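Each chain gets a letter, A, B, C, D, E, F, G and H, in the order it is written, and its residues are counted from 1.
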Amino acid sequence: MAEMLVKSLKPDFYELDLPDERLKHYLTKPLVTVDTETRGLIPRRDRLCLIQICDEDGVVSLVRYKHQFQASDNLGANVKKLLEAQSVLKVFHFARFDVAVLKYYLNAVVSPIFCTKIGSKLVRTYTDRHSLKDLSRELIKVEMDKTDQSSDWAKDGLSDSQLEYAANDVRLLIPIYKQIRDLLERENRTELAQKVIQCLPAVCDVDLGGWTNIFEH
Amino acid sequence: MAEMLVKSLKPDFYELDLPDERLKHYLTKPLVTVDTETRGLIPRRDRLCLIQICDEDGVVSLVRYKHQFQASDNLGANVKKLLEAQSVLKVFHFARFDVAVLKYYLNAVVSPIFCTKIGSKLVRTYTDRHSLKDLSRELIKVEMDKTDQSSDWAKDGLSDSQLEYAANDVRLLIPIYKQIRDLLERENRTELAQKVIQCLPAVCDVDLGGWTNIFEH
Amino acid sequence: MAEMLVKSLKPDFYELDLPDERLKHYLTKPLVTVDTETRGLIPRRDRLCLIQICDEDGVVSLVRYKHQFQASDNLGANVKKLLEAQSVLKVFHFARFDVAVLKYYLNAVVSPIFCTKIGSKLVRTYTDRHSLKDLSRELIKVEMDKTDQSSDWAKDGLSDSQLEYAANDVRLLIPIYKQIRDLLERENRTELAQKVIQCLPAVCDVDLGGWTNIFEH
Amino acid sequence: MAEMLVKSLKPDFYELDLPDERLKHYLTKPLVTVDTETRGLIPRRDRLCLIQICDEDGVVSLVRYKHQFQASDNLGANVKKLLEAQSVLKVFHFARFDVAVLKYYLNAVVSPIFCTKIGSKLVRTYTDRHSLKDLSRELIKVEMDKTDQSSDWAKDGLSDSQLEYAANDVRLLIPIYKQIRDLLERENRTELAQKVIQCLPAVCDVDLGGWTNIFEH
Amino acid sequence: MAEMLVKSLKPDFYELDLPDERLKHYLTKPLVTVDTETRGLIPRRDRLCLIQICDEDGVVSLVRYKHQFQASDNLGANVKKLLEAQSVLKVFHFARFDVAVLKYYLNAVVSPIFCTKIGSKLVRTYTDRHSLKDLSRELIKVEMDKTDQSSDWAKDGLSDSQLEYAANDVRLLIPIYKQIRDLLERENRTELAQKVIQCLPAVCDVDLGGWTNIFEH
Amino acid sequence: MAEMLVKSLKPDFYELDLPDERLKHYLTKPLVTVDTETRGLIPRRDRLCLIQICDEDGVVSLVRYKHQFQASDNLGANVKKLLEAQSVLKVFHFARFDVAVLKYYLNAVVSPIFCTKIGSKLVRTYTDRHSLKDLSRELIKVEMDKTDQSSDWAKDGLSDSQLEYAANDVRLLIPIYKQIRDLLERENRTELAQKVIQCLPAVCDVDLGGWTNIFEH
Amino acid sequence: MAEMLVKSLKPDFYELDLPDERLKHYLTKPLVTVDTETRGLIPRRDRLCLIQICDEDGVVSLVRYKHQFQASDNLGANVKKLLEAQSVLKVFHFARFDVAVLKYYLNAVVSPIFCTKIGSKLVRTYTDRHSLKDLSRELIKVEMDKTDQSSDWAKDGLSDSQLEYAANDVRLLIPIYKQIRDLLERENRTELAQKVIQCLPAVCDVDLGGWTNIFEH
Amino acid sequence: MAEMLVKSLKPDFYELDLPDERLKHYLTKPLVTVDTETRGLIPRRDRLCLIQICDEDGVVSLVRYKHQFQASDNLGANVKKLLEAQSVLKVFHFARFDVAVLKYYLNAVVSPIFCTKIGSKLVRTYTDRHSLKDLSRELIKVEMDKTDQSSDWAKDGLSDSQLEYAANDVRLLIPIYKQIRDLLERENRTELAQKVIQCLPAVCDVDLGGWTNIFEH
């Protein structure tokens, strides 16, 4: 099955926004997985380069922002509609970063959201390994190749291995999310996960503002 | 003014719960300050000893739990009603601790809440000193005596200085809260503060559960 | 020999308790090795999933607790009898964890006990590597596979490799224990080991209570 | 009261051992407090200089070892009898150090013992300050002068302030012990304290042997 | 002399910019000292509140920015002219912070500059205390009161003690600068100091950009 | 291509200085890459052993200093001319070290310079790996062999693998430099890089002088 | 050559002391290498198990102490004579440990000595890797197998690989010493090395006594 | 007595060297105390400013080096003769620093020496406070004023308090040395102290060379 997941559909590649049709397609779905690639971890310095989206049928869209040095309102209007559509759950791994980036560059208030990293921490209490690679290995028996994780996502022609990597991150997140969701259910921690994940937009605002340890003594 | 605040009304002292009349009194108010004293920082080991409540008129109630080794449902029903009353804002300093304790011992879902520690962090960005003592010194020019902060709140007869300390914590929190509230307003951070403070119940659940660094990478 | 140990008898698998006959069998023995698998390191959050027992003949019993969210008195009465039987030495590796878990979930006061980790520290003074894997490699020349150590021991159908791992932990502990016991004897530290191991129930109580560094200055 | 305690009886000063009569006197008592002064924290390097003993009537004995460079069996036979007398509880503050020193120099197996530091940690959970000075200040309202704590206890003529300091350490420990004992009783932790304190001889052996973190993972 | 310095001329207080006349006055001078007060250490979050300027005659100007939430080009044009005037040396203590703030809010490229902190590090090699308070104490025998250093510089009416503090920071910097300058001369390190101080604009850009440890291995 | 780079021209080997002709050759070039090998990281203790130079045509010169225990003025006059020639850009990786060494031993004021480490930090913001080996792997797909990096560069006969290593460091730096230069251009950070790199001579002086953290608070 | 070194002569194995003849043999030599194996790093707890000696001809002697729980004067008199013979240089790697052990168990004042670890630090300034394994790899191109370094040297029958390991440590030290000696000579640091190595007996005394950081501020 | 010591004789002040007569005077003495003042802790950067010398009669000489930017051989020939005179013991507190400085600037091989810091560490094992101020307080009951310790010792006119401080450091060291010497005698550690102090010249060489942790593993 993993083999199938990784190789299945060829990702579609768009500049700056989703086409209307593709947006319409995703809006009929209960959930999509979302990931972003940037030039680094400091949004105001390291710009957004790519948004990856996948639905449960494996339809992957890669939206490219090559020269997006500044945040802008009339940018990715369709992506933003999807991110803010109340009927579609947006599933991230470590949403804290992506949701902040999407707010910074697209001014998007992403909602509703799920985060497999927080889900994993709440239910895989027997380990402290909660990277996407760790989840992939244990939950769906796929060994992910993270070589391109820290690469130049702003370069002119993205390499095949970069595109493959980008697509896989959202493709594999679909079955991983389902496993985490089921484990939370089994352990009666679904409600707790929702409560914690609902804090993420506040945490993102605080991160973008520059505060650290806001909850600490 | 500070002098007046500290000495004003004598606190009323109750065993295990607020009298009905006192509850009725508080329920007509827009806000009360709340503090708790325990035997330490680990709720399941260090029991709740005292709940302090104060309104804007300086009416202070101290509710005592001397032998409360276990959480219990039929305990402090009036206190719980007040803590859960939607019309009365409950103001804490470092709500993260008190809200968790009140959930653990009274099974109370305290709401709505405000936390002057989080407020201070968001608006007094020029300092990293956000203890109640620091806020008291700077914002209302009162030097608090914290000698009894770490004392034996379960002992038979609480000393006068303990009672004074306990009452002052909630009395002084009234004008401190107002200052923090006004500063947040002036700096356009009221909404941000609300967003962050709304995360506290989730943070408390996670604390009681035993997770740490739930939002971290 | 190691080969033989690892492959020998198929472990027997029971739900919630040992059958009477199996208990009777073990009660005739001078010692058994015992291990537990849980959902993590915090007993009140991460429940007990499995108890493994082995005797010197290689008779392994795996007792499963799939839905054991709470401690309970009428649970595993036969296991408890074995754990408390004065005639049978219970040998653990890092007893500090297992003895606490067994007290928390079965209310068992495990006794008498031996801990190969403490034994190893007292006698293998030439190294700071005292994991079961280290002992197995050096003392009985078996390379243990610890892949499943941190896995989901609460899932519906435990995998073959999980069962194999669980059984091996107690099987291999038999010859390891004997080596450690002999080394302590050779180095005249048997009495010291007993003295130190007798402290473990107190250490477990202190751990469950939430204290840390109780012996430190 | 504190005033009285500090000034009361003049301590008696002996070379190398207690006189028979004084031993007989102490053997009729249910408890004595004991403290030692050494040249530092490493028994084999920093020799024993003084043993202080006090009973509930404030009878203080100071036993001096001025040239005791080596441990010796026929040294302080009466002190040893008292330390090993099962009918007399020996109360220390941080017994872990004193019991090790007394074993090293007098070969005494001190028993039974109580340790106010461990008692305090178990019951004064609201603080992390458990020095004798802290206990004295909070529990009996006496501010101890610790100037001479780190002084040259091997010098020819001990100063008056050294003698005063040495005597006070055991005198004040009497009422401090009683408070800690009562608090443990009130909090139902008497049995836990006994269980933990019974580990101290093993901890001392491990300390003298040179092991560290024997209970850790 | 110190007394004279501290009390001398009353500072003049301006909103948003220096008057033309005052600018003309300062432009005839070889040097001015400059300091800024902000709401904290993160320029994009903690806005500029005050710029203090002093010349060698003790003419102090305080320029207030009460509502300056955003950087702006048409703000403080006269201040900017002074900061960029090549004929007037701008002396700071820890210029790294002030120069970055002035670039962020006024878009000013401050030049030429001197930094007494770097000067002090290069020449007061016998100490690691290089705060303005330390320099003031040693070099001009004035004990500075830093109470208001971390205070709310955005509040409506600045207190007398805040104004006094703000003026003193630039007043006292005049004689301190002269001492540091002379010491550098005496120790043949004037050129080295200039070379190092000329790096500060680059360091400020890197700071504002979000890089850390840019020179490190 | 990488293959070609690594194997291309045989390096020329000189004692103490470049021949006049070779200097003339390099002086016609817009840029050379430069590296040094020493006996360690402390210039006054660990002497200079080798200077490597390469131009864009792959002409590599290795200048050897075998017995250079002291700095000296009449040493490497041609090398010094090249290092100080304003028409030839000297490209280093971590120039901070090499420029200091060249100042210490040759009294050369190297200028103009470029540093690929600083360039990489400014533009490869997606990673914290900025060693020459990391840049080589990502930017020109060559896996460098660093075995000889820490070897005895003062020994009589340098081994073939040492010579190969020494030559490769400057050969590969040519294409790496060009990539970094282009990335800086693409990201509009060329000017920032120049500004930061111009600080390096000051940083070197401060390093040689013995100061640390000169820019820190 | 390395191959030859490792395999050459079979080591001779003695209980408790060297035979007279073997002592006589070694006393004619200008130098021997010496190593010790113990049960750990704390001499008073972890007893001496083996002394290895080798001369430049590869004559290796292993002297075994199987039951040597206490230091003793009439133990290894011939070994002691060799260790104290002024005409024979004793070469160790990290002499600080071995010299202390030999003083503790044999009461030997080893002299004269050389330490290749200190020699390496003084002359291989280009690296911070100074283990015997590192020296062996770089200086004589032999990859040492350290598997048995931390093994049970007190066990009844030492394994072949233990004996091989023990012999190799002293065999390989011969050519390593010669290289280090030559490098010190080449770098004019022979005298410095002697001066530093002469401090080792004092450092050993201080170590055995229990002091740490005796030279530090 | 302390009073007397501090106020006794006025120190004599010399430029660059001791007069012949004063040298002759000191050469008749069995011991002098010596201290140095510099511009900081890095000899090659922070030059020597003052050498203080005192004998047992309280004859204090202060030798000033105001412009001594470089080490020089024909500088302080008389001081050097005294420092190298085998008949006069030179007593320092933390000789490691002073002996290195005197070697660096005067090329003096100071001998014989004593260090009260090492002496104190060896014999005042009951404390970790071994500064001169600590020794002065405990051993001779004088509270030293260290205000001028970190001051500008190169300035033109040294202040009275600087001169007083400089003289006291050597004056008070006389009785402190005697106490430490007697304590070492009493504790049978005179020989150990000598052995350790004899290592200091090697440690100084290693320090000046730039090595750290030369004795460590």
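By our rule, a contact is a pair of C-beta atoms (placed from the backbone, for glycine too) under 8 Å apart; a residue touches a chain by one contact, two chains touch by 3 or more.
These figures come from a predicted structure and were not determined experimentally.
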item	value
Least step count from subunit C to subunit H, where 1 means the two chains touch	2
Between the pairs A-E and A-F, the one where more C-beta pairs touch	A-F
Listed pair (F-H, B-C or A-F) duplicating the B-D contact set, over half by residue number	A-F
Averaged-CA centre spacing for the pair subunit G and subunit F, given as whole angstrom	42
Separation of subunit A from subunit D, taking each centre as the mean of its C-alpha atoms, in whole Å	62
Where subunit B and subunit H are represented by their mean Cα positions, the distance between them in whole Å	59
Touching two or more other chains - residues of subunit H	42, 45, 209
Pairs of chains satisfying the touch condition	A-B, A-C, A-E, A-F, B-C, B-D, B-E, C-D, C-G, D-G, D-H, E-F, E-H, F-G, F-H, G-H
For the subunit H and subunit F complex, residues of the former touching the latter	42, 44-45, 209-210
Subunit G-facing residues of subunit C, complex	124-127, 129, 138, 183, 186-188
Subunit H to subunit E touching residues, read off their complex	38-40, 42, 45-46, 69, 150-154
Interface residues, subunit F side, partner subunit E - complex	94, 96, 117-118, 121-122, 192, 195-196, 198-203, 205-206, 209, 211, 214-215, 217
